[in-house]
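Chain naming follows the written order as A, B, C and D, and within any one chain the residues start at number 1.
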Amino acid sequence: MNSSEALVVKDLTVEYALKSRTGRIQSRARAVDNVSFSIATGETLALVGESGSGKSSIANAIMRLVEPSVGSITVAGREVTSLSGRDLRESRRDYQMIFQDPFESIDPRRTVLDTVMESLIVSGIGETDAHRRERALAALESVGLTPAPKVGERFAHQLSGGQRQRVAIAAAMVLQPKLLVADEPVSMLDVSLRAGILRLMQKLGSDLDVACLFITHDLSLAWMYADRIAVLYLGRIVEEGAPADIIGNPKHPYTQALVSVIPIPERVNKTERTILTGEIPDSSHIPQGCRFHTRCPLYRALGEPASCRDSDPSLSGRAIHRVACHHSTEE
Amino acid sequence: MSSPQVLHIPPVKRSMLAQLWNDRMGRVGLLLTTFTLIAAVIGPIIFVFDSGAVGADATTLLMPPTRTHILGTDELGRDVFSQFLSGSRVSLLVGLMATVISTIIGAGVGIAAGFFTGKLDTVLMAVTDFFLVVPAMPLMIAMGAIFGQNLTIIIVIIGLLSWPRTARIVRSQTLSLRERKFVPRARSLGSTNWRIIKVHMIPHVLPLLIANTILVVAGAILSEATLAFIGLGDPNRISWGSMLHFAFASGAVGRGAWWYFMPPGLGILLIVLAFTLVGHAFDKINNPHLGGSS
Amino acid sequence: MSYLPRKLLQVLGSIFAVATFNFFLFHIIPGDPIRLIARTQKLDPEAVAELRKKFGLDGSIIHQYLVYLKNLAHADLGYSFSLHEGVGSVLLRALGHTALLLTVSTLIVVIIGIAIGVYAGSRQGKKSDSWIVISSLVFWSMPTFWVGMLLVFVFGVWWGGLPISGITTPNAVYSGSLSYMMDIARHLILPTLTLALVDIAFFIMITRTSLIEVMHEDYMLTARGKGLSRKTVVWKHGVRNALLPVMTASALYISALVGGAIQVEVVYSWPGMGLLMYNSVLARDYPVLEACFLVSSIVVLLANFASDVLYRVLDPRVSVAR
Amino acid sequence: MNLLDVRNLCVRYGSEQTGVLAVDTVDLRIGQGEFVGLAGESGCGKTTLAMAIPNLLPEGATVVSGSVTFDGQDITHASEETLNSIRWKEISVIFQGALNALNPVKSVGWQIAEPMLAHDSGLSDKDALARARELLDAVGISKSRSSAYPHEFSGGMRQRVMIAMALACKPKLVIADEPITALDVMTQAQILDLLRSLSSSFDLSLLLISHDLSVLADTCDRVQVMYAGKAVESGSAETIFASADSSESAAHPYTNRLLKSYPNILHERVFIDGIPGYPPDLSLPQTGCRFAARCDQVQSVCRTQEPALIELHTNHFVACHFAEQVSR
């Protein structure tokens, strides 16, 4: 295993049992289906997908907030899926998460300083409270919440959304993790504040050489922020490559459709949009064959070839730009 | 709808007591509670009730108020006012002690069921629902008749039969707290379950628990009064409920002896109302929708 | 399993649990029931031995339990020592009287309570709302039996226009079934009024709170936006949604209502289960007490079942079929 | 004549002494058949302004001054009856968050039919329901689902139901408050597409409120940008969204910075700019230009004197002291 990889996810599958009220398992939803990827130290990978694509399940599996059904997750060379109890808790400081909604992810009854210090207390860092306090204040300072002692006394409801997300970043980065999982970190914020948060994440990330898994539904944001993009559809990576390739030369029909509907803050004559009909299917009823064929414009354009219904395409192509489609080259 | 609140920095939360005092009903409730507590503690010391001091002849039985007996006498010629004062102690004692038992069980069951979910939740909620549905008063009467009549037993019976509502409320609050993202965030930091409960759950459950606890006190006082009225009070400790039992049994109502059955009833009303008002005000503080203009 | 059979099974399970609980409460914890009876009824040793045999008390606890279940299955609830009659027939008579009282007062309480609750809730913060809330809390804080005593004093002693005891006038001669029913109705007035005065407060408060919550929902703004009149907005959109939590809370109320009924029956000598329990407490007639608890539990369980089914009919988000 | 003419509108939350002017002397005009976008960050007053039109303001909010003229009729202080006859019949609203804006215990068909019956006493229940089914069909939902309840639909489908409901009485103006927020990217595209296609067949005017300027770019004819309770710029979509080198383009520094807050995949891959700082606290007295504290081209006059909304070019209004020389 390459030691420069901060995160290696191999054959990850996450299933949820759909239970009836009596507790019997009625069916299984496969939110993540055999997904593999890795992130090098200091690299940022964007996972892009709509709701139901499994992007949050991947984040939760990495954070061990849900148990993966199959697969291994290795953070900084340590396999974490086999850990439990104390070992698991101790490993957690290496991988930290920033949640989508900063209002929900910060306990409203605790002060900002308490929230940041909580990270240190739980991880057993710092001998005394005074020591931890000093580090927490430094962390608040580093995310631009100044004067730190004053901001530290506030509660979440006394801060704006952007400030709250800064607190969440401080609470994660104070542990100096190897991997940061950011689940839609700016989607709840006003557009004018997004750049500030992203810049902060980028700066702190490069200072500490932290790898980042950046989860978003916004392809243009991924294009701007990430070093690499993986597009998810119904629990599977359908295309993976460099941002310029994904946006400039999308190969999978799903990615092509996503790129075509990106809103552009400029009034220009864009090429024809491809608006997919219908909605992403339920993950307990994944279509046979290629999971996208039920909505695929290419499938219809090619006269509904049997291969799309019969076999599930795997991710293939050059290492720097891979796609999971039987017919992508025929375009 | 978006309002300009986003920009507005609300003032630091005032203490619960200050907020209660600010609410008209809460203030009346607080004053009433304080008043009855003081009366219950000091009253019987000044006006000692002597259960042996029965009336000498027929003229002193069920006597209307006079200068010596400001609330008249009962069917045995005993002073009603001093009975009334010592009765307040029993009502308050039973109400408060039973509530302690009820709250400890209710909060424990509720948090455990809500936080750990799964099988434990199923079992605990089955037990809770059982006691929630079984009619409490017939069961209290049955248990009172079986286990005998003394204050401790009455306290235990009321306490053991009034926790299910608390458990339900605490559980649903705990369940909704679990959905808040700060709980998975705490877990992803490596917090133990116990730490999550201590740091993130209990402080959030507490305001609701306090409001509910105050209402449980009111309910427990009413339960004690009813049990005593049915004839299951502690024969050695006169309470407002047992005063009404004797008033009823001796036909004081039919004989128009209002000085006998009015005071204990009003006493129960005032003290239960006091706690109910405070509890209601707490509810308003906890639920901004109920607090008039939010 | 679909909802109805599953729920029915659950109710049967609860009834079984109540019966078991009942058995252990009366048979195991304080010693055996015959000793309790013997203590109060001064029975001779031979009679005690015979009774022990009848209840299987000479056998093991398991044996006693099985005998108890067998007797229950045959609707044999034992023998009342104070009334010298089978408990079953005593109870059956009382149950009918209690059912009459409870049905009438519940109907009044629910209809008036919800109406006043909606009125108050839709005028939140106004003067009329404050008065309704305050008077509800005051009535809610009164012991039911004391309200009964006050009404007896006012209507029976001062004014004297209404009957204050029993279900019919003693030694009355009726000209027909209508006059008989009128007599019962007159006797019902004060007990019903007593229960209603205290318990309406409960319905007013939960309906009000529930409606206030619903009034803040986004779909209420949609309804306003549609240009509907205020009355339509409140009743068609508000009340319909507000009643769902009221239904759930009513399940709790059923058990409280039984408690209230006991007190009212005692005060007005209404010959129902409550009066029966009161007399049994005084006479320490355990078999009757035991049966009263069992039967009232079953009634409450069934009422809860009914309210649960009704909830599912009213809320499309949960279905009766599933 | 404009269909809607809002002039100098002021809306306050709370009392005169401690209240906050959420909308401070704002104009808004919508022509017949025009699509107008209203943009701004959360708390800028855009929703409050829109809800003031059919007077659906929440409790505690009051129109302090100014006027709302709809179809030639001044409805600023109209009675509840007059407003009720205009609501939905003339002005309907697509509310934010369709899950909560639909009544959970009524079928969607019933909810669509309800306003038709309320506004047309001659209509029979059966006909109303039949029309409701037609509308469902028009927004791409099978007619057979008219008896289904809101919880049986996905988020995107509920928004379609909401749109069908808004069209029920063939209103002249539809106010859509963040209609695609919280929806998936592809569903957003579907809904915007639907709104565009329905507008032509139903001949309506649309007020589209969004915090996301890029959404308004190819949906609206005209765009008005609000900041901290004030309208700071309004103009045709061509002007606002024109590329920087064109002769006429967005002129307010706030609009320009907002436009640069989105990544533009047609341009070079650079980090977005964003705007430093936060909007002002409106509960404090305001002096000068409200954007001054965050503006990178601020001059001393900006801090002391409030800029007036001036007509820079025909139908292009800007409230900035340096509108003519702002560099992008």
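Basically, a contact is a pair of C-beta atoms (placed from the backbone, for glycine too) under 8 Å apart; a residue touches a chain by one contact, two chains touch by 3 or more.
Bear in mind that the values here come from a model prediction, so they are computed numbers and not experimental data.
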item	value
Chain-chain pair with the highest tally of contacting C-beta pairs	B-C
Identity of the chain that, by mean CA position, is farthest from chain A	C
Centroid spacing, where centroids are CA-atom means, of chain A and chain C in whole angstrom	56
Distance between chain centroids, defined by C-alpha means - chain A, chain B (Å)	50
Whole-Å gap between the CA centroids of chain B and chain C	22
Chain D, residues touching no fewer than two other chains	42, 96, 278
Junction residues of chain C - those touching two or more other chains	221
In chain A, residues with contacts to at least two other chains	160
Of chain C, residues touching chain D in the complex	217-219, 221-230, 232, 237, 240-241, 244, 314-317
Chain D residues within the chain A interface of the complex	41-42, 154, 156-157, 184-190, 193, 211-215, 217-218, 237-238, 241-243, 257-259, 261-266, 269-276, 278
Residues of chain D defined as touching chain C within the complex	54, 56, 80, 83-89, 92-93, 95-97, 100-107, 114-115, 118-119, 149, 151, 165
Chain B contact footprint on chain C (complex, rising order)	14, 17-18, 21, 25-26, 29-30, 36, 124-125, 133-134, 137-138, 140-146, 149-150, 152-153, 156-157, 209, 212-213, 216, 221, 251-252, 254-256, 258-259, 262-263, 266-267, 277-278, 280-282, 284, 286, 289-290, 292-293, 296-297, 300-301, 304
In the complex, chain B residues that touch chain C	1, 25, 130, 132-139, 141-147, 165, 218, 222, 225-226, 229-232, 241, 244, 247-248, 253-254, 256, 258, 261, 265, 268-270, 272-273, 276-277, 280, 289-290, 292-293
